[in-house]
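Heads up, the next two complexes both have chain A, just with different partners, chain B and then chain C.
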Partner chain A sequence: MTDQSATMSILKDYILVEFLPGEDPGHLTPSTPLVSTGILDSLAMLKLVAFIEREFDIPVNAHEVDEEHLNTLQSICALVASKRSLVR
Partner chain B sequence: MDFAWSDEQMQLREAVKSFARDELNVGLKERDKRGEFSRDGWLKCAKFGIHGLPVPADYGGMGADPLTTVGVLENLGYGCRDNGLVFSINAHMWTVEVPLLDFGSEPQKRKYLPDLCNGTLIGGNAMTEPGSGSDAYSLRTTAERRGSRYVLNGSKTFVSNGNVADLIVVYATLDRSAGSNGICGFLVEKNYPGFRVGRPLEKMGLRTSPMAELFFDDCEVPAENRLGREGAGQSLFMHSMNWERACILSNAVGAMQRLLDISIRYARDRKQFGQSIGKFQLVGSKIVDMKMRVDQAQAALYRTAWLSAKGRNVYLEAALAKLTISENWIRCAEDAIQIHGGYGYMVESEVERELRDALGSRLYSGTSEIQRVLVASMLGL
Partner chain C sequence: MKLHQYLLDAAQRWPSKVAIQELDGSSITYEDLDAQSSRLRDRLASIGVQPGDRVGFWLHKSADAVVTLFAILKAGAAYVPIDPTGPAARNNYILADCRVAAIVIEERFKPMLEVHGDEGWHPAILDIDEAGGRKWVGDALTHNVGAGTSLTVSPVGAHDLAFILYTSGSTGKPKGVQLTHENASSFIEWCARTFSLTSSDRFSSHAPFHFDLSVFDIFGSVKHGGTLLIISEEVGKQPYELAQLIADHRITVWYSAPSILSLMAQFGYLDTRDYSALRLVLFAGEVFPINHLKLLTTYWPHPQYFNLYGPTETNVCTYYQVPTPIPADQMEPVPIGRVCSHLEGILVQADGTEMSEATEGELCIHGPAVTRGYWNLPEQSQRCFVEVNGRRYYRTGDIVREEGDGNLVYLGRKDRMIKKRGFRVELGEIEVCLYRHPDIREAAVVALADDSVGMRVHAHIVSKQGKPLSLIDMKTFCSEHIPIYMIPDRFSFHSSLPKTSTDKIDYQTLKSWSRS
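Presenting the complex of A and B:
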């Protein structure tokens, strides 16, 4: 499993358990909108950011806690990847 | 965790304590009665460097780290009995300076931060509306882009510093159908056409901190005064609230210590039934409870600031600190009145004002109930 797909899997599992309990995992695709559809509200975004920081040991900046960076699994993975490249 | 203060930090803490005690308390009883803001105290604090504590020196501030900042504010709160003045400074720092610092463009920072730090400009934050309090993102004030300007329409209430502010961070929606993702922040100067200050709002406590309603009737804001990108209002506000929760009650920890010290002094001096009332265990246990609450509040404050300095988000810790300090501040003020008996209930003693000032802390920057919701959620519930 590549870094990217492992990250996607970890994030998908977390979002399904925390914010979409009982949802068919097949319905959560890399491009499913999360923020604009209200799956992630403001509180959920804070929880997700706290999880990302803890799980991947990376800091997330204030201006990144928004729709642009957190709206899809794809964009979240891209955020994580960009942070990891800075840490390395 | 290491909360040991360096010599330099210790000197700063002591300096601010004596500055505040000597310079900021004159005429407070009368100002509290009249609900009067001390511009003189505001400027003295700015000159001391308080307003610019978290702002880098490049923009006119002190560039202090979070732990130093809360330590200084804690000691300001110990020396300065004018909790309203310190509240106004907090509103200015955490809801205007910090969002500007972290979301502002370079020209915006250069234009506003130096004067916010030196006290020339007073900052305010306008989020709450008559119909949106805890449900902040349901706001109805609108913003519409028209050429090189945004036009704002709507009203705000409970705006701290509202009637003395020169620069206000105003939240408005560009697209109500987008919900919280349509919100945007704007830097509004008091002289912009269409901006109007409404009636001042009289409060139970923190009476020396002005509060007002604000109205925006086709208020024209230059496009370059948008704070952050379009739709970034939610992250801007979350960031601002997080700092506020973490730091706004730093001075309350100092105020609690002050209440503890005067209560110990009174319990030793006041004689009843032939001995100091502090010798009675029921009085002594209240003092012990006060000490316990001060220590809890201080630990929550320092821990949050220390973690923040490590560069991580402190959503959970900030909400817990806000909750712990506000609830403990109120209990401390109640105990101080009870220990002082009838004298504590008298305006002259200046103890009753502390309770009035403390009570608002359960409401602003998110009620205690909202902090509990946030903490429960962050704990996975």
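Presenting the complex of A and C:
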């Protein structure tokens, strides 16, 4: 499994368990909107960011806790990848 | 008093003072705000806007949106703010419902605009490239109207309509609360007396312009020659960013719903910055969870705190100054306080008669800030008022108790309306939305208090196939029909819904299901 697909899988599992209990995993695709549909509200975004910081040991800036960076699994993965490249 | 008179006066007294500031650093002085809004007024008049008309604006929150609303008022029309984050279908319904004469719209929202032109309704469209950063107003006006052009506009009276704010409607469609210049200015004058506002104040503009808290932000600031800091929709949801800008921009007067203050107290790192400029924290729209309010006042011990209460139909009608520090053993939410001095309040029984002895009942309000009613809904408007001793009182629908010290305590609603993130939400409107879904047989929605966010909305569903539906599909469907704050937080699927003996939905049982 590549770095990116492993990241996607970890994030997908976390979002399904925390915010979409009982959802068919097949329905959560890389481009499913999460913030604009209310799946992630303000509090959920903060929880997700705390998870990302802990799980991947990377810092996320406050201004990145928004729809632009967190609206889809794809954009969240891109955020994680960009942070990891800075840490390395 | 006409609302735009505040701007005319401020432009005379403080022409070079910054009136509106955006987070990117761009700003506009009172002189320019007055001049730009006059030019846009002329442009609106030239495309056919007349006194008494309604004009919609579908712009993101910006200094240009403030220019636009003052231009509409100067044209003698009433402004109708459209939620730029709201579903297109709802926004188009609002524009058609009040038959706006013109729509000022940003290019990016234009694909969502649908004007059918039925029944002779043909609004003029004034589209602009992009609001914010003062990019468009100058450009749009230069090639639309010659410099110095000033068209004659009929005078406006204080009893004329100034704006219409649409709120959630129990029938599934939003309803427009009509507010006159006098309705709003009587409230602003009361604020001026109560909060001792001055030209050195720096006001936050956290609430969106379609939300009634913005009336204080905009006109309270302009009346006093203060500076209004426009906080965009996106930044407005981020507690850490907000906390930072309150300190960095040396905000002196903050006004918002409690939910974002709760998040700031928990996640804003409020002990890391200097908040000495902040002197007044106003909150309204919902109950402030007492533990979060205690936490906030621990971080910010010096400002004065006021709990402001009131529906859009009256704007703020009661207020309570929170004594600080809040005792550690206080577990009850703070009271909603006393009726504001420009209004009168009475408590009535369910049948609409005034209570003589009892101290618990529905709060009803009379006075200059009270709406005349809803746009184009005469029967619903009629039902919202009660006449007592020859006076017309607005029935708030809120049940309150008068304490021995004269303060009112909020007990709950007499109907199915709730407040979420400060917004009014009719649970019935959510149910109407859910019933539009092709796979839903039955839907019922309840709301429960939640310590972290105030209110949680729980939808109980019976699907046509008898199986659970996709949560993603549910949320996505809702986001296409109702604003994001109305989308249920939880969905549960059942084989049937509990019913009362008269075969109505048993909401009490559903609430107990939600709690378990």
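Note that the second predicted complex is superposed on the first by the 88 of 88 C-alpha atoms of A that agree within 3 Å, B and C clash if a C-alpha of one lies under 4 Å from a C-alpha of the other, contacts with A are read in each partner's own complex, and residues count from 1 in each chain.
To be clear about the criterion, contacts are C-beta pairs under 8 Å (C-beta built on N, C-alpha and C of every residue); 3 or more make two chains touch, one makes a residue touch a chain.
Note that the structure is a prediction, hence the values are computed from the model and not measured.
Visitor: With both complexes superposed on chain A, which partner does A:P59 reach: first (chain B), second (chain C), both or neither?
Guide: first
Visitor: Does chain B (first) or chain C (second) touch A:S36, or do both, or does neither?
Guide: Once the two structures are laid over each other on A, A:S36 reaches both partners.
Visitor: Give one of first, second, both or neither to describe whether A:L11 is in contact with chain B, with chain C, with both, or with none.
Guide: Neither chain B nor chain C is touched by A:L11.
Visitor: Looking at A:L46, would you say it contacts chain B, chain C, both, or neither? Reply first, second, both or neither.
Guide: Both partners, chain B and chain C.
Visitor: When the two structures are overlaid on chain A, which partner does A:E67 contact: first (chain B), second (chain C), both, or neither?
Guide: both
Visitor: Check whether A:D24 is in contact with chain B, with chain C, with both or with neither, and answer first, second, both or neither.
Guide: After superposition on chain A, A:D24 lies in contact with chain C alone.
Visitor: Is there a shared patch on chain A that both chain B and chain C touch, and which residues make it up?
Guide: 36, 38, 41-43, 46, 62-63, 65-68
Visitor: Which residues, counting only chain A, touch chain C once they are in their complex?
Guide: 20, 22-24, 27-28, 32-33, 36-39, 41-43, 46, 62-63, 65-68
Visitor: In their shared complex, at which residues does chain C touch chain A?
Guide: 234, 237-241, 244, 260, 263, 267, 452-453, 468, 470-473, 475-476, 478-479, 484, 487, 489
Visitor: Mind pulling up the chain B residues that touch chain A in the complex?
Guide: 102-103, 137, 178-181, 228-229, 231-232, 234-236, 238-239, 242, 311-313, 315-316, 373-374, 377-378, 380
Visitor: Chain B touches which residues of chain A in the complex?
Guide: 18, 35-36, 38, 41-43, 45-47, 49-50, 53, 59-68
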